[in-house]
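Same chain, two partners: subunit A is paired with subunit B first, then with subunit C.
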Partner chain A sequence: MSSGAAAAVAPRGRRPPWLLLVAATLVALAAVLPLAYLALRALSADAEARALTPAATVLELVADTALLAGGVLVAALLVGVPYAWLVVRTDLPGRRLWGLAASLPLVVPSFVAALALLGALAPRGLVQRALGPLGVERLPDLDGYWGATLALTLSTYPYVFLLAASALRSVDPSAEEAARGLGSGTVGVFARVTLPSLRPALAAASLLVTLYVLSDFGAVSLMGYETLTTAVYVRYESLLALDSAAILALVLVALAVVLVLVASRLRLRGAIYRATPGAGRQARLVRLGHWRWPALGFCALVTGLFLVLPLAVLVSWSLEADPIVGRAGVAWAAAARSTAVAGLAALVAALIVLPAAVLAWRYPSPLTRLLERVTLFPSALPGIAVALALVFFGSRAGSIVYQSLGLLLAAYVLRFMPYALASTRASLDAINPHLEEAARSLGRRPTGAVVSVVLPLARSGILAGAALVFLSTIKELPVTLLLRPIGFETLATEIWKGTAVGAYSEVAPSALALIAIAAPFVYLLSWRNAWELGAAD
Partner chain B sequence: MIRLERVTKRFGDVTAVDEASLGVARGEVLALLGPSGCGKTTLLRLVAGFEQPDAGAIEIAGELVSGRDTWVPPERRRVGMVFQDYALFPHLTVRENVGFGLARRERRARVAELLAIVGLEELGSRYPHELSGGQQQRVALARALAPSPELVLLDEPWSNVDSSMRETLRAEVADIIRPLGVTVVLVTHDREEAFSLADRIALMRDGAIVQEGTSEELYFAPASRWAAEFVGAANVLTGPVEHGLVRTPIGAFPVDRDGDRAEVEVLVRPELLELEPDPSGAGEVVAREFRGHDVFYRVRLGGVEVVSQRPSNEVVPLGSRVRVKLHNGRTAVLR
Partner chain C sequence: MTKRITAVLFAALLGALALVSGATPAPTQSTTLTIYSGRDERLVKPIMDRFTRETGIQLNVRYAPSAALATALVEEGRNSPADVFWSQEPGTLGLVAARGLLARLPQATVGKVPPRFSTRSRRWVGTSARSRVLVYNTRELTASQLPTSVWNLVDPRWKGKIGIAPTNASFQAFLGATIHLYGEERVRSWLRGLEANDVRLYPNNTSIVQAVGRGDVLVGLVNHYYLYNVLADTPGLPVRNHWFRDGDPGNLVLAAGAGIVASTTKPAQAQRFVDFLLSKWAQRFIARGPGAAEYPLIKGVPRRPGLPALADIKGPKYPLGRLAADIGPAVRLLLEEGLIK
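Right after this comes the complex of A and B.
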């Protein structure tokens, strides 16, 4: 028996502690139980609800949603993949800085992105004013499908960029060298060798992007484009047609599940082959030569449109005093509430996924794998479906639970705990099992070995997972709108309320504050974490 | 010092260790030698306490650590382990790694003592990734030795090392271990490693220990044809035994076995076959392979082919006729 194989079978035959099993099972049940309420409600809908949601309407909503998801996906791939290739594989001047600029839009919530783009490109907006002296009187209206596509591309291309960049770094350069040796040029190598080997990463990124579009509420609402998510919201909030909302939410969940299945198929068929194990060589950088200028232009255009312009709009609004109300400020109380609730969600999520992570890592078996997969499942669920499911659960449980802070927190934790689990699990997997054995043979008991060796080594992964939960929670809108207790406004809902009455410039300072709180966490979204995010399904 | 009695370990349908029995004396260096997948690492892990045997008993320093109703966990076995990948704690410095298994009050003095033994006094505050492979190995050894274990286990310690560096590192480790007089069990698939380091070798195949003995015993008197070929290049010839002489296609020579028998297999190591150029010789050199310090010749003779290993200063051209002489040495009857 070689030592590698022996190490892999080391934990076999040991029974997991029942306390961990019970804890992990409870968390896994919590991850899927709300869905049962949703399904129950949708399937027992009355005739009135069915009349509100005829098949034709549902189909139309599904088609519109799919059309938007497809458009955003194409745009995000067209922007993200070449950008990643330029940053990772060429001698583009300022590569690191361009790379950071491409991942920064992750901290901008989609509704803030939409708001800023609307402001920039609207009549008498920033861009038109800048172009005015050149004789440009009017820009094409930015709303509906194209507006939503643009705003959501801004929000999603960083995922494509991060995953593609990470994969490009790890692709074995020897296959590319072989292709070169067989007579392919730079373009040929990229098209025939590099791009196909990116397929698993791109499948993961495509899943993230389409799920993002499916669950987005803010950007599509602002752009006035109706999708399944906005339809669910309108039925719940304005029409008070709960059963009808439940039916549409269930369709939304089904759509998400289909996407996950398709993506896992795509990913299974592709694999990153790396012949040489270990650290491996980095590929030689492609010399851009004169192509440097168009490449820089491309990066500048992307960064300008998706980072500089939105920020410039928000800053200029913040500095502008409204003639009637005066200069608006940051909603400080809401900012404090947002930070507190996101911090709490991050802490709880990081803690409750520990049993599942430890079980799947240390005691691999069909049962523990199942528990892990079930706990990861909510990462595919659109937030509004989770929120609606918890509304039904809460209304059954009574008024103590319904519209309580606890229910809102539970929704955040359920929806985002997969990020914490994936990150924790990946950091545990990276720990050499021999380390724990070494600690044992040096006199540490099992718990002592975990405390002195495993936890310190897994700490960065656990923290990164918590940071992801924090970031996602603070940007979250539809769940918060549905479940917040009366009078409990977060930064996101404050901004949303402002936009609803057209007071764009008044909420700009709060939007900037939201970005400022989230921004420090972008460094925790390192390349590795982006991978884990992609592996979360 | 340690005693294994009919130890068996199964993984599902695979029997990794099959009724292995073994004894190691205090201060002895024993090598567990065998091809990859033969169960030698599993046997080592059973001794360390990382695996529980399905049957059999293990004793360390007179104490039963694993038996029918007994199980002593690894932390109470006083066994130091040096892993194949060293398994240094990446978040701790060299000093903290070496001191990991020590009580607080003795830590400082003992760590200093061990760093001196392995010659790493200057590098105590480095982290493992800042060390060369050889230095990492010495840290791993120091860490295993620090709590003064009854026994030190080395798992394939040089398999990750370039062959050019292996000999140096092997000598380094031998120089550290030998003066301390600790008991060592070393797992390896490299016969040279086993020969050069071990007092005694236990040869393993398919989970069972097939032979135990000194390097010379294993090399010149292997118990089976498989053992003969595993521990070195071998000519295996067949022929009848009459009056203490075995008649083989390359000639008759004495064997250490009484009684006439119809047919036996004898082992003749290639370095025992001398070649004398002779135009009327019965042998013909059909292949020649230069290996540096010596040359391997394939000689066709009496309907068989034998291999002869000669120092490279003796030159016998390809195709020349030779007489084959058996050098004074040991030949062994295999069957």
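Right after this comes the complex of A and C.
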């Protein structure tokens, strides 16, 4: 995070308002509470729980999870980086439209993606039915490792695309021109200059992608591929295996923390810096010439497979579903609940990260930096781990807390507030601190100055952060499954319940509704915010 | 501009609160019972609705797998919001009862069902019976080609053609009973034989029946009534039930059952609910409702046409009260053999 500029002009020796400190400390404590609870439970597990968690199984699960994360990462990079380069750096026809198409899969929850891909590409899915007249009797099985990889690539390549595109825009063209002047061709320049200068962005994107895979529950379950997350869930649903679930959840958290550490190393090494300060100059677009046909084919293939095909499956199922039976159709009550609870989570998250954001921006010190980092920490926590910790907490706390809407909301906020913090922090960094000082010299009190001058300027960042929390919440599955109050079905859980009994076409209208509700929020997320999100940890 | 955004956000918050609070049932009302149901919502929702219509008692139902609910009951202890536990499977009931979390039922309730579908301590009562079966694809196989014992599924000719659901409570109950009857090592080598036969793992019984119908696998181990449930949605699917030879562990007869949670503050209403499950209407619905085909347990309610009589299904001799002790070893075995990860 580039807090250097703010630090340089921040007044030294001024004490931060204690109210902000207390608020930020409480939020930071809440951020680590689930982990503490989980660790206590896992470490106090008895011999029987350890018997349900044989070392060989743990190792196998870690290996399988890592294998999937690696596969998805490679696939997402192979799709996202060339796509971004084509959209940002070449004269590809219709590049803006292609760019939009590449970011849209962000609104598709992973379990809906898996569902739709299964519907299209299963041995006797829609594609086979279309190819049937050509003599294609059945397609190869789409499940297990490759199925999960495909579905999660759909869900994650937009992150790679967005971060790579953003970084490509800000690469200093003079380095590339120098390389070209020294005799490198287009490919050589890309490999030797462009790609290395993308390193920080790609490290951030890789972290996002791998954390997503670790956290994913829906797609891997539908594809029948076991990871640490599904293993935690299986134990949660098994007879008296909660301690064993806690142990595996802790292993999962440890794996996520390792990823964060590796990514932060990668980001710092071998960066290529801008040679010239000040506003960037756009690089000249590469003329594709005849290459534009294969380039268009590539973009069409990606968009077709990851956007058009899944949507087509959902639409065709929706039309196929028989409304007379009364089971098909959008679950409107669930849609209202999803929207309401996601809206509340977004609002609360946006508000409670403000103290930490303002402190880190205006009063940089080891303490405020620590508070900020701790509040960002849950972005590395897989959802199932947060949910399990709160199940332990809730069932001990009694019926007021347990299975209450408050606990579900708290889980969403805890899990996704890092997005709000990163986004808010990024927009604060762009504000000149002298503005706030001016307000104070004109008689505003410190808090008044922040509220009346600073926050309005940071509005776009705060809103974008809230949008990201909304989007993440409405797509969320495992936390919702474990913590929802009795009878509180959201769109995600309704869809999930339908898939459990194979009623794919019945839930298709609800899946489309979920996508429709989420779609506008992608527009609220600027490219810069996506970048800051990646750079947050 | 900022004011307007704030106002809009605030209005949205209020609206959201109203929506959410309206959508959540209030659990504190004295006329509301909380039911933990391991039975699938799609199968039993009409029973719940009918109970509310008849008694005016509102139901707050948490639908989840029986094992998850049993675990939750143990975890919650005296804090549990549940009044009644309606389970798919007797082992989970027995386990919860063994921890003192289920109240004793009156003899009048337990006496409505045959003695083998309850226990002497009367902590739970069976609400329907079901049999373990092998479902098979009738397009690819004829009845004469089917194995006469569940042990024979390790024969190489079934390679790649079998589906099981290792996380399913009924499968685990079958495995637990079999471990009790035949010893752990025999069951372990059977599971290894299945693995060597590339057994396919499914999340639940429904997906096995569907997979057999599609021909993804040709046979699968499930409870007998899932076939009828799936056929109700997709008539004409080429699937049928097959029973193994008499006394085979693969024919184990199990029960769904209900118990009253000891910490309930509404024992009378909870009792009413359990009795309702054993009423003629509910038993008839469980036996012959749309897509239903379980065995009713009270006298005077006929089974679904086309099913063999319950007395004619010869499963292994095994008291269901033992399952609470036997299901743990089954789960551990499945974990050790990597069938559950």
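We take it that the second predicted complex is superposed on the first by the 499 of 537 C-alpha atoms of A that agree within 3 Å, B and C clash if a C-alpha of one lies under 4 Å from a C-alpha of the other, contacts with A are read in each partner's own complex, and residues count from 1 in each chain.
In the analysis below, a residue touches a chain if its C-beta (ideal position, glycine included) is under 8 Å from a C-beta of that chain, and two chains touch if they have at least 3 such contacts.
The shown structure was predicted, so the numbers you read here are calculated from the model rather than taken from an experiment.
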What is the contact status of A:438 with respect to subunit B (first) and subunit C (second): first, second, both, or neither? first
Check the residue A:236 against both partner chains and state whether it touches subunit B (first), subunit C (second), both, or neither. second
For subunit A, which side has the bigger count of touched residues, subunit B or subunit C? C
Taking the superposition on A as described, I'd like to know which of subunit B and subunit C A:453 touches: first, second, both or neither. first
Partner chain(s) touched by A:116 [first = subunit B, second = subunit C, both, neither]: neither
Just checking: does A:341 make contact with subunit B only, subunit C only, both, or neither of them? Give me first, second, both or neither. second
Look at A:20 in the shared chain and tell me whether it touches subunit B only, subunit C only, both, or neither; answer first, second, both or neither. neither
Hey, what residues of subunit A end up touching subunit B and subunit C alike? 456
Mind listing the subunit A positions that touch subunit C in their complex? 51-52, 54, 57, 60-61, 64, 123-124, 141, 221, 224, 226, 230-231, 234, 236-242, 333, 336-337, 339-341, 343-344, 347, 391-392, 395-396, 398-399, 402-403, 405, 456, 459, 485-488, 497, 500-503
Any idea which subunit C residues touch subunit A in the complex? 2, 5, 9, 12-13, 15-17, 19-20, 23-25, 27, 34, 40-42, 60-62, 64-65, 67-68, 70-72, 74-76, 79, 81, 91-92, 95, 167, 169, 172, 201-204, 206-207, 210, 214, 216, 233, 327-328, 331-332, 335-336, 338, 340-341
Touching residues on subunit A, where the partner in the complex is subunit B: 1-3, 6, 9-10, 12-13, 432, 434-435, 437-446, 448, 452-453, 456-457
Using the touch definition from the top, list the residues of subunit B that touch subunit A in their complex. 11, 16, 36-42, 45, 48-52, 73-77, 79-81, 83-85, 87, 89-91, 100-101, 143-144, 146-147, 155-156
